[in-house]
Amino acid sequence: MYNVALLGAGRIGQIHAASVAAHPKCALAHVVDVHQPAAEALATKYGAKVSSVEDALADKNVDLVMICTITDTHADLIEAAARAGKAVFCEKPVDLSIDRVRECLAVVKKHNTKLMVGFNRRFDPNFAHLQQSLTSGEIGNLELLTICSRDPAAPPASYVKGSGGLFRDMTIHDLDMARWLLQEEPVSVYASASAVVSPEIKEVGDVDTAVVTLTCASGKIAVITNSRRAAYGYDQRVEVHGSEGMLAVTNVPETTLVKSDAQGVVAQKPLHFFLERYAASYRSEFEAFITALEGESGPAPSGLDGERALILADAALESLQTGKAVAVKL
Amino acid sequence: MYNVALLGAGRIGQIHAASVAAHPKCALAHVVDVHQPAAEALATKYGAKVSSVEDALADKNVDLVMICTITDTHADLIEAAARAGKAVFCEKPVDLSIDRVRECLAVVKKHNTKLMVGFNRRFDPNFAHLQQSLTSGEIGNLELLTICSRDPAAPPASYVKGSGGLFRDMTIHDLDMARWLLQEEPVSVYASASAVVSPEIKEVGDVDTAVVTLTCASGKIAVITNSRRAAYGYDQRVEVHGSEGMLAVTNVPETTLVKSDAQGVVAQKPLHFFLERYAASYRSEFEAFITALEGESGPAPSGLDGERALILADAALESLQTGKAVAVKL
Amino acid sequence: MYNVALLGAGRIGQIHAASVAAHPKCALAHVVDVHQPAAEALATKYGAKVSSVEDALADKNVDLVMICTITDTHADLIEAAARAGKAVFCEKPVDLSIDRVRECLAVVKKHNTKLMVGFNRRFDPNFAHLQQSLTSGEIGNLELLTICSRDPAAPPASYVKGSGGLFRDMTIHDLDMARWLLQEEPVSVYASASAVVSPEIKEVGDVDTAVVTLTCASGKIAVITNSRRAAYGYDQRVEVHGSEGMLAVTNVPETTLVKSDAQGVVAQKPLHFFLERYAASYRSEFEAFITALEGESGPAPSGLDGERALILADAALESLQTGKAVAVKL
Amino acid sequence: MYNVALLGAGRIGQIHAASVAAHPKCALAHVVDVHQPAAEALATKYGAKVSSVEDALADKNVDLVMICTITDTHADLIEAAARAGKAVFCEKPVDLSIDRVRECLAVVKKHNTKLMVGFNRRFDPNFAHLQQSLTSGEIGNLELLTICSRDPAAPPASYVKGSGGLFRDMTIHDLDMARWLLQEEPVSVYASASAVVSPEIKEVGDVDTAVVTLTCASGKIAVITNSRRAAYGYDQRVEVHGSEGMLAVTNVPETTLVKSDAQGVVAQKPLHFFLERYAASYRSEFEAFITALEGESGPAPSGLDGERALILADAALESLQTGKAVAVKL
């Protein structure tokens, strides 16, 4: 039985709490949140106790810590949990600063901590199916990868301000997806981007529309297209062009209802946003984490995956600022 | 808080047990099964006790009874639960004999029992969406309804033998769907059917492939096509042709992965069978039951819905045997 | 070189004239139409002469006659052309009276006339592909056939009056399609139908919405659903359920453009009506006719196909009037 | 009546000859080809005479010249036809050298020649529909354009050698498509490319897989993905992401037949290559050319369109060689 301390009882914390409660080998023991009522609601629902970070980490019975707090607390909490000898799951990113990430991962390494970083999309059943088909050679060698990732609506400027910018906040998911599917590290990053969606985003110096191209030494190319706003909802597609065919994951519609009338043949919009679209991924992610704790190999995606995705995001930003492709060495 | 007694701990009983456990207002109290280990496993998982029917019904704290046992016990159990003053959810059918159904429903009526019959497909999100679009007038008046319902593989002859035959066992779901969508009772039933899938089914005198046509007084027509075996998996589609358009619910693929290669553009097969395809419907069905218990109007689908679907199934069988359309009066 | 006399310069005559002109082995020689300007326009366009039926049939150089006139002239013209020793293509139907059809085909037989009846849908590339896949055994044995055939808008009552009714006018195409795909003659026909689309159609005693079920001795079943009006346009689909899979031909959209916005994911409507939807079929049909003239086996679909489709249409009408399935012997 | 001289009787010349013959206002007068039998076959088929370039251009009755010869003759022939006072349609490209293109267009300008360059994809009904929806504001402002263009199989090295390379030979079509849809000239081009498909292509110093990003001053971005080989056939898709929605043109399948079996739900591959996929575009292109000859505004796409697409292709090549984004000024 794994006893779990949940740090952060917000939207994503609630999702992980449900996964913990549903897992036959896990129990939710502590819930911590700066907003007390949120912690209480969740603790009550699952029979856990409301705690502080200190108490939760001091509890010898706690085996693993789920970090679902705001971004700038992640690295500190990972380090504290590592020092306390707990296994750690942390929502992405480890930190927005690559130097801080490296410091943190050094602590993780020193304590031999089992750390999983929350790139949940790897666990989406559709993308997982694509990845399995690809690695089993169903379309030969990957040659060209295209990732389309567009949010339904731009976040408020206040969020954007502290987000680290489009590449570190949003594209980072796609960069991890690209690394996972390419099975080879990119050596070059080029980004073109603009702020055409939201004047507020422009004002805070960020971009909302982007095309990022990754090139590998072997000649494989990946291209990511992002937008902070898609009028038709959350657009999450991946296409892999290989030597013997193509694999594509399309969007998941809200229902399969199709209406044909004088206006046309109307299918439903994609599931609206990440909570609906990736609901299954969060459950599978947690199961994979527990499985990894019981196995010999560490959890994946690991801290290193978190670091590398951030390096690529930083390179994209540098490319945008310089107008040149940026060489990366991972 | 509703305390629930679950009668029957098989495949479908396990599904309902999970719905009970996940419902914030319900707790699983008793589990009954002639196969003791099945009852024990389920009781342990959800903190309930293993019981007998008698003890479960005698328990004053039990509010509702979920009947998930084999068909020929349904009517007796409904009556016993009604006499014990419990609310009742019963898997379809109430009974294979229309006379026995009527007797049973008389008892239900006498005791003013809240009874829901498990036509779960009404609660599938896709079909529910279709029904809402239809009743809100999105395609004008319904004129022609087509229901396609095909199982992935024929059941063993032993099952078929006691099933009541294709119409009472399988088509009955589609007959309920038709009544629900037509919003008008059929006045005539015609069935054409044959045993071309399975020699065993032929041997026991049943059919495995059928077309059933229902006609309403207003001129609305519904047609159901059934097969006991679809090589591509579970095929569950509905199409409503109305005066201003068409609504169609297509199958739900296992994943959205599509592979294009020299063979063609290959999408995934439909979700394999009812446990996967209708997983969401069982949860919504149970929620609707609890909501109905708290409201003034009784649960739907009701015992009357169970009776009427069976009348239509019996009429289909009579039509098949006589080669004539059979008039029905519901 | 085949010299062709075209009888009837209306909408469908113009289509066949273009096929004749485009065929490397054919030339349009005569155009006949009671409406002189129509005949002149077509004759001028393709370098043919305006003629009378008598002159066209008397012309020794004429090898084949295309009959595209109104229905009640078909049988007389076929006979006249047969007596004149010409090969004959005739638009469906041969006649609305089965007795007249038989008389006519007796003349055709006596003169050993090569006669093709215009069931053009057999030559649609999509349906032809389905038929080839089916006959090559790609889905094993056919068990259940469903044909959906719905027009974009109801014709005027004046047309309906002289049309022979829904079954002989519209369903007859689907009955031929069914015979072609079943590869076995139906032994029983049941029809349910109503007039819910158009009060004018009701007034003239016809129906506009129908479900026709055909049963074969081997157990194969076919079901046809018809409507005189589909708000989303011309709906022409076929689905074959076989022992090893399913083959389906869906509609052809006007273009492949898909718009996703706040309303949903909107694809284009089907090609609007038969002239657009079946444009390719008319060309292939004519090519098949010419190929048949050069071969040893006669053209297909033949006069017999025309006769049998009409017998089934008549049986459907009888079934509708009697409320019973009608036995047929083809 | 326009008399047409056709220069080049190869594959594409034959297509244009058919368009000329089918056009009510045009007649094919001269056919010229270095391979005499090809010229004769085409001339015979359409009642034209076999000619030399000199004789065709000297013929006062010739109104327009269709240039369908090999690329390195285009510019000379355009100039000669311009000097002879003819209207000119020329297959893309005008020339592989931008300097030669400019010289040639200077001659065209001097003689006030009506010149159309064969970017036929603008006339594909699907892309034309997309462009109309876009320009009529159906999805607000264009923000992000993605063009997928992949050939079914790599051409022989001999062809590649003289083709001007992937960007000038293949991508140029997509660059024209991008300019047409962006309705704004790109200011920057970045290309990433590799030779992973074909060792022969690598040997001759060309690439076969590419991603090209175009950026506009307003912030609009376009990305083109190319491959010389798609195992599933000719892949031609366009997607426009706008402020109020998305427009997408998908591939056109060979037929609409879909087979569902134990392997999955298998739709047909896209139409195999440009002759099938763009058959309709060639007809519309020629009609647009004739319409332009009768109007006041010149034909489009014009010589300038040809020049600009080539400038972008050259910029893509420079970007690939330098690893930097290349600024362009059109």
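Quick notes
Note that the chains take the letters A, B, C and D in the order they are written out, and that residue 1 is the start of every chain.
Quick note on the criterion: a residue touches a chain if its C-beta (ideal position, glycine included) is under 8 Å from a C-beta of that chain, and two chains touch if they have at least 3 such contacts.
If you're wondering where the values come from, they're calculated on a predicted model, not measured in any experiment.
With chains reduced to the mean position of their C-alpha atoms, the one farthest from chain A is C. Chain B and chain C, compared by their mean Cα positions, are separated by 42 Å.
One finds 58 Å separating the Cα centroids of chain B and chain D. In chain C, the residues touching two or more other chains are 139, 230-232, 244-246, 259-262, 268. Taken as a contact graph, the chains are fully connected, with every chain touching every other chain.
On the side of chain C, the complex with chain D involves touching residues 125-126, 129-130, 133, 138-139, 244-252, 254-262, 268.
On the side of chain D, the complex with chain B involves touching residues 230-232, 253, 259-269.
The touching residues of chain D, counted against chain A in their complex, run 139-141, 143-144, 146, 148, 150, 188, 190, 192-197, 209-211, 213, 215, 218-221, 223, 225, 227, 229-232, 235, 241-246, 323-325.
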